[in-house]
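Take a look at the structures below.
Next, two complexes with subunit A in common: one pairs it with subunit B, the other with subunit C.
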Partner chain A sequence: MNLRRLFAVSRKEVLQLRRDRRSMVLAFLLPLLLLLLFGYAISWDVREIATAVWDADNTPQSRALLDAFWASGYFDEVARVDDAAAAGAVLDRSEASVVLALPRGFARNLASGETATVQALVDGSDANTATIVLAYSRAIVLGYGARVRLEGGKPPLPLHVQSRVWYNEELRSRNMIVPGLVAVIMMIIAAMLTSLTLSREWERGTMEQLASTPVTRAEVVLGKLLPYLAIGMIDVAATSAVGVLLFDVPFRGSVLLLAVLSFLFLLGASGIGIFVSAGSKSQLLATQVAMIVSYLPSLLLSGFMFAISSMPAPLRAITYLIPARYFLVVTRGIFLKGVGIEVLRGEALLMAIFAVAGVTLAVVRFKKEIE
Partner chain B sequence: MSAALGFSPARVAEMLRKELRQIFRDPQLYRILFIAPVVQLLMFGYAVSTDVRHTRTFVIDHAGDAASRRVVEALTAGGFFDVVGRSTRDADLVTELDHGRAVVGLVIPPRFGADLAAGDASVQLLVDGTNSNVATVALGQAEGILSSLGVALVPPTISGETLVPPIELRDRAWYNPDLASRDYNVPGVVGVLLFLVCMLLTALAVVRERELGTLEQLMVTPLLPLELVAGKALPFALIGLVDLVLVTLLAVLWFGVPLVGSPLLLLFATVLFLLPSLGLGLLISTTSKTQQEAFMASYLTLVPAILLSGFMFPVASMPPLFRTLSLLNPLRHYLEIVRGIFLKGVGLPELWRAHLWLLALGVAFVGVAAARFQKRIG
Partner chain C sequence: MESHREERSDEAISTRNAPGTPAAESAIAVRDLTRAFGTFTAVDHVTFEVARGEVFGFLGPNGAGKTTTIKMLAGLLAPSAGEARVAGLDVAREPEAVKQRIGYMSQLFSLYGDLTVEENITFFGGLYGLRGREREERRDWVLEMAALEAARGRLVRELALGYKQRLALGCAVLHRPPILFLDEPTSGVDPLSRRSFWDLIHELARGGTTVLVSTHYMEEAEYCHRLALMNRGKLVALDTPPALRKKLGAPILEVRAADAPAAVEALQGEPAVKAVGLFGRALHVTVDEAARGEEAVRQRLGEAGIAVEAVRRIPPSLEDVFVALVQESGGALVS
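Up next, the complex of A and B:
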């Protein structure tokens, strides 16, 4: 291997890349767009729950319970209803996602020591939001019940639960998404961008020119990889910086460890991109193949948004073949948990294997010869 | 050109026949049109799940008595929590959470049974918040289970009364009583797939014609620009409708998602939704010179459109600015309709606004695309 020739290939690739508008869009505009969308626009945090009230009791006690709901900061009153039909209608029209129904006799039962009931009618169509709404409601009702017991001079309930959340104390979905986004953006750079490189040469007919030069296969592949590794590392640094500085995502681990492991992941993923590129002579086909074999699975099956533990067993087995799965453990571990190599060494080893395999596969499949 | 005086359905039909023949001659396209949606529905249907069950739980039991065993039993009984390990050293829990081998830690203090008999016991729950969604849900489940256990555990001898909880929350989930996330997600996938197929393929088809230079051939025929646009877009509208039937059947028969509302209204809404989808595809085709460029532009449109549609992230959780912006997103309105029809069984009285938005967006997108198309050709 000759380093001078390798760098020459890199320089040529950079020149070509700078002139290619859509590659530049993929490399810099798309990560920015994703970061803004995920950072600002979307989240799973359930706040300002549109709540309709059906207060058939209408006593100071029922109003006190409702006040406990408003004071929690999660629920917003949007409507008052006074019968079952109206309650159904607000749910049907999606004006409210939950109806709190306090039946007549609520205050009387509470005073006499019988169990008073509250009903939460929740729009279950969005199962996830509904589950969270019910969890919040239950906690508020329990807290209110405990207060009523205390004020009535009765002993408190015998079992307390003290809950503490680690790593992401306020349970913000942004803290979960942004470290994951580092991995997703790398997949875009590595797989989609590099998938264009060799097929571009075929499409433009410059592969013949390349073939007539003395560069070896490994020099071509590695030379072409270098610029993308640089872009990828820049994107990782920029994404992390924006995440930490603008979106207040905690960064508790080692920057150096993140850099090293990101590099390993990038190497493997770009290798796969070149591998795809080597097999397809049209850029369009290469992008589509790269999207299906590496980008979509990384997005869906890596645990980025959907917990792997919730998937059915066969799908869970497939996730072990997806390198982004391991990288995601790494980014979340370093950002949120602040763990080091002693915890992440298994993932690091797998990613090192992935890197070697990716580059080797690319070199082996790429044939310079013109048939 | 005397032949080009009025809009002629016969000429459009002729062009439609040519387009369909061209599409079905390409075996690769065939795969994209019919096999890809099925594969994607299966993948999304299984992977996109936000149900939280079998959460990995590590137990630190300092008490080791009958009462502490009852707590663990109660927690695991419903299938929401699985015990993956036990220990009596707090440091072990830290290791398990750090490694991600456990998501929830339950700490039971020493003399738990005695404390409980005295009426004042506590347990600690530690939750790994890395996945905020799983953590929120698991925390709610655990607190619910443990507090109802607290009521059940009170020995009547102490309080002298049979204890009843002072207040009880009865919850009922409408439309989706089991709170299965699949019932919500699969109808959403229907919308995303239709959007993808119609927009991307329309854009690619027109640009390919330009790449091959056959667009000029079409221009010298007596076809009006509007007829040309209609002839290009219609085959994909037909394919979109076939995909709708295919994917809906799969959702209902394979995934068992209920279709409570009217299939006829679903069809009507889909026709309305095809308008803006095809319009966007045509719009992209007027700005791209190569198929590769059209693919990138479609992708850059799809990503924000899907993320800001409420498909995975609720519209209600967006900041006000983006909530307003998402009104311009046809997918958002279509998903509202699809989910309303599938799960809630509601009809036009509840959904007319979303239909109107689709129509307005469709007219706008197709109008702009047709105008730009005309200018480029003329």
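Up next, the complex of A and C:
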């Protein structure tokens, strides 16, 4: 390994990058754009649920229960209906996603100590939202029931759950999404950018002159990696800063640890990009392949969107091959939990293996032979 | 300092590896060099030697195997069979060591168009391990040699082809290689630039550089000390330009006819005609014997209804030799 030659390659790569607007946009604007786009667009929080009311009882008690719904902040009254047909109609037209039906005799049953029923008709076409709406409704009704028992001088139900949420106290999904996004975006950027490096030389014919010099394959691959590692580190810092400053995501762990583990991850991700690049003689093909191997798996199989624990076994097995899976644990752990290397060493080790394997495969696949 | 040590040890290895390698003097020694791509044999048992300081020309039609041979000698392509030693090193076994001792200029321009002239020079200087004062000296030398001092800050893609090619030559000799491979370095360049490019080649050769150059311009072939004629992957002739001309014993007739391309076609089946080629607006016809040949040509063209304007005997040019040898060895492979 001759460092002079390696740095000559790095220096040339930087010069070319600076003059290539497409790569500059990809390197510095796309990560922030993706973060803003995903950060604002993706939210698993359910708020302001459009609610229609069918209050057949119309008593102070029924109105008190409805007030409990409005006070929770999750439900918004959008319509009043007075029969089953109208209730069905507002759901059909998607004017409301839930209809709260309080039957005649609600107050009477409550007063006499009998079980009073409330019906929630939920639009189940979005299963996720429906489940959350039902859970919220149940919690509000239970709370109201307990209050009624207390006011009536009866003791509340003997069993009571006192729950407390850690790490993401307000249960804001954004707190989970933003650190995850940092991982997904880095995978995409690192693999995409580096996928252009060797394929560009093949496509433009410059590989022939390069191959005729004594520069070794490892010097070319590592020399090309260096600038992209630097870009990746800048991107991690920038996206993290935006996450903290703009999206109010807590950052509780060590900046240094995040930097070290990001470096490992970027090394592996760039290795994959160069590996793809080494085998494609066109830049277009290389970006497309890099997109397929980086974007979709990182988005869908890393645990970013869907919990890995609820995936079927074969899919779960595949996730172990997705490097973003490990980096996701790292960013979420460092941002939200403030954990240190003692918790993340498993992920760190796997990312180190992935980094070594990525770079080695890239060097092996890259041939200096010109036909 | 390090590179000196490396050089010595490499030489020691090469003499150990090949006791009795012929002619310590030859810069390039090739024996039965062969390269196949699938079922197609691009280079077929080629054998030759090039002496130090020689300007050695490779001549042949497209697809003759010139480029493939040069790529193997430059360590860019592994031979399928045979042996090639460049600067005393086996190209199949030590391609990277060979690359430090050679300069290579490819058929297609392959410097970086999005870098400036100076940035290209600095980059290749770095790859060849030049440093400090030497790097600056060599850079200035290339800028002067290629007459690019005024354009040193310009992007290479904006340069005219003639300048690009001189820059490519400069980048190939930055590290003062003893051997230089030039694959059709002047294709597409105007005659004036071609001429000045060849002056550079001869200047390098006078300085002791061995130059192996391929071309399809006949007038350029005359500038070479020795010429190798390739056709269909085989070496069909190898000698100095005067000797090659002498080799062609058969007389050549220059025929001017009304419709030259049609005349070429008409003469191709004629038994008295050994070879026929189109040179500008005239035909060069190789015949067995001048008088009988002229008669046969006039008769055949008369039958074909092509008016003959003039027929005269001329001394053979290199191109005639080339055409005759190519047709003798089975015609050109048009790719």
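Following the convention adopted for this analysis, the second predicted complex is superposed on the first by the 369 of 371 C-alpha atoms of A that agree within 3 Å, B and C clash if a C-alpha of one lies under 4 Å from a C-alpha of the other, contacts with A are read in each partner's own complex, and residues count from 1 in each chain.
We take it that a residue touches a chain if its C-beta (ideal position, glycine included) is under 8 Å from a C-beta of that chain, and two chains touch if they have at least 3 such contacts.
Computed from a predicted model, the values in this text were never measured in an experiment.
Visitor: Should the pairing of subunit B and subunit C on subunit A count as a clash or a fit in the superposition?
Guide: When both complexes are placed onto subunit A, subunit B and subunit C end up side by side without any clash.
Visitor: Quick check on the superposed pair: does A:Ala116 touch subunit B, subunit C, both, or neither? Answer first, second, both or neither.
Guide: In the superposition, A:Ala116 touches subunit B alone.
Visitor: Given the touch rule stated above, what does A:Asp126 touch, subunit B (first), subunit C (second), both, or neither?
Guide: First partner only, subunit B.
Visitor: Going by the touch definition up top, name the partner, subunit B or subunit C, that contacts more of subunit A.
Guide: Of subunit B and subunit C, B contacts more residues of subunit A.
Visitor: How wide is the angle at the Cα centre of subunit A, looking out to the Cα centres of subunit B and subunit C, in steps of 10 degrees?
Guide: 90
Visitor: In the overlay, answer first, second, both or neither for which of subunit B and subunit C A:Arg332 touches.
Guide: A:Arg332 sits against subunit B, while subunit C stays out of touch.
Visitor: Have a look at where A:Met311 lands relative to subunit B and subunit C in the superposition and call it first, second, both or neither.
Guide: In the superposition, A:Met311 touches subunit B alone.
Visitor: According to the stated criteria, A:Asn58 is in contact with first (subunit B), second (subunit C), both, or neither; which is it?
Guide: In the superposed model, A:Asn58 contacts neither subunit B nor subunit C.
Visitor: Tell me, in angstrom, the smallest C-alpha to C-alpha distance between subunit B and subunit C in the overlaid model?
Guide: Scanning every C-alpha pair, the shortest subunit B to subunit C distance is 17 Å.
Visitor: Once the two structures are superposed, pull the subunit A residues common to the subunit B and subunit C interfaces.
Guide: none
Visitor: Provide the residue numbers of subunit A that touch subunit C in the complex, in ascending order.
Guide: Touching subunit C: residues 2, 4-5, 7-9, 11-12, 15-16, 19-20, 204-216, 368-371 of subunit A.
Visitor: Which of the residues in subunit B end up touching subunit A in this complex?
Guide: Contact set of subunit B toward subunit A: 43-44, 46-56, 97-100, 103, 116, 119-137, 139-144, 146-147, 149-151, 153-154, 159, 164-177, 179-181, 183-184, 291-293, 295-296, 300, 303-304, 307-308, 312-314, 316-319, 322, 336, 339-340, 343-344, 346, 350.
Visitor: Spell out the part of subunit A that touches subunit B in their complex, as residue ranges.
Guide: Touching subunit B: residues 22, 25-26, 29-30, 33-34, 37-38, 40-50, 65, 88, 91-94, 97, 110, 113-132, 134-139, 141-142, 144-146, 148-149, 152, 155-169, 171-173, 175-176, 283-284, 287-288, 296, 300-301, 303, 305-307, 309-312, 315, 329, 332-333, 336-337, 339, 343 of subunit A.
Visitor: Contact residues on subunit C for subunit A in the complex?
Guide: 37, 71, 74-78, 96-97, 99-100, 102, 104, 106, 108-115, 119, 122-129, 131, 168, 171-172
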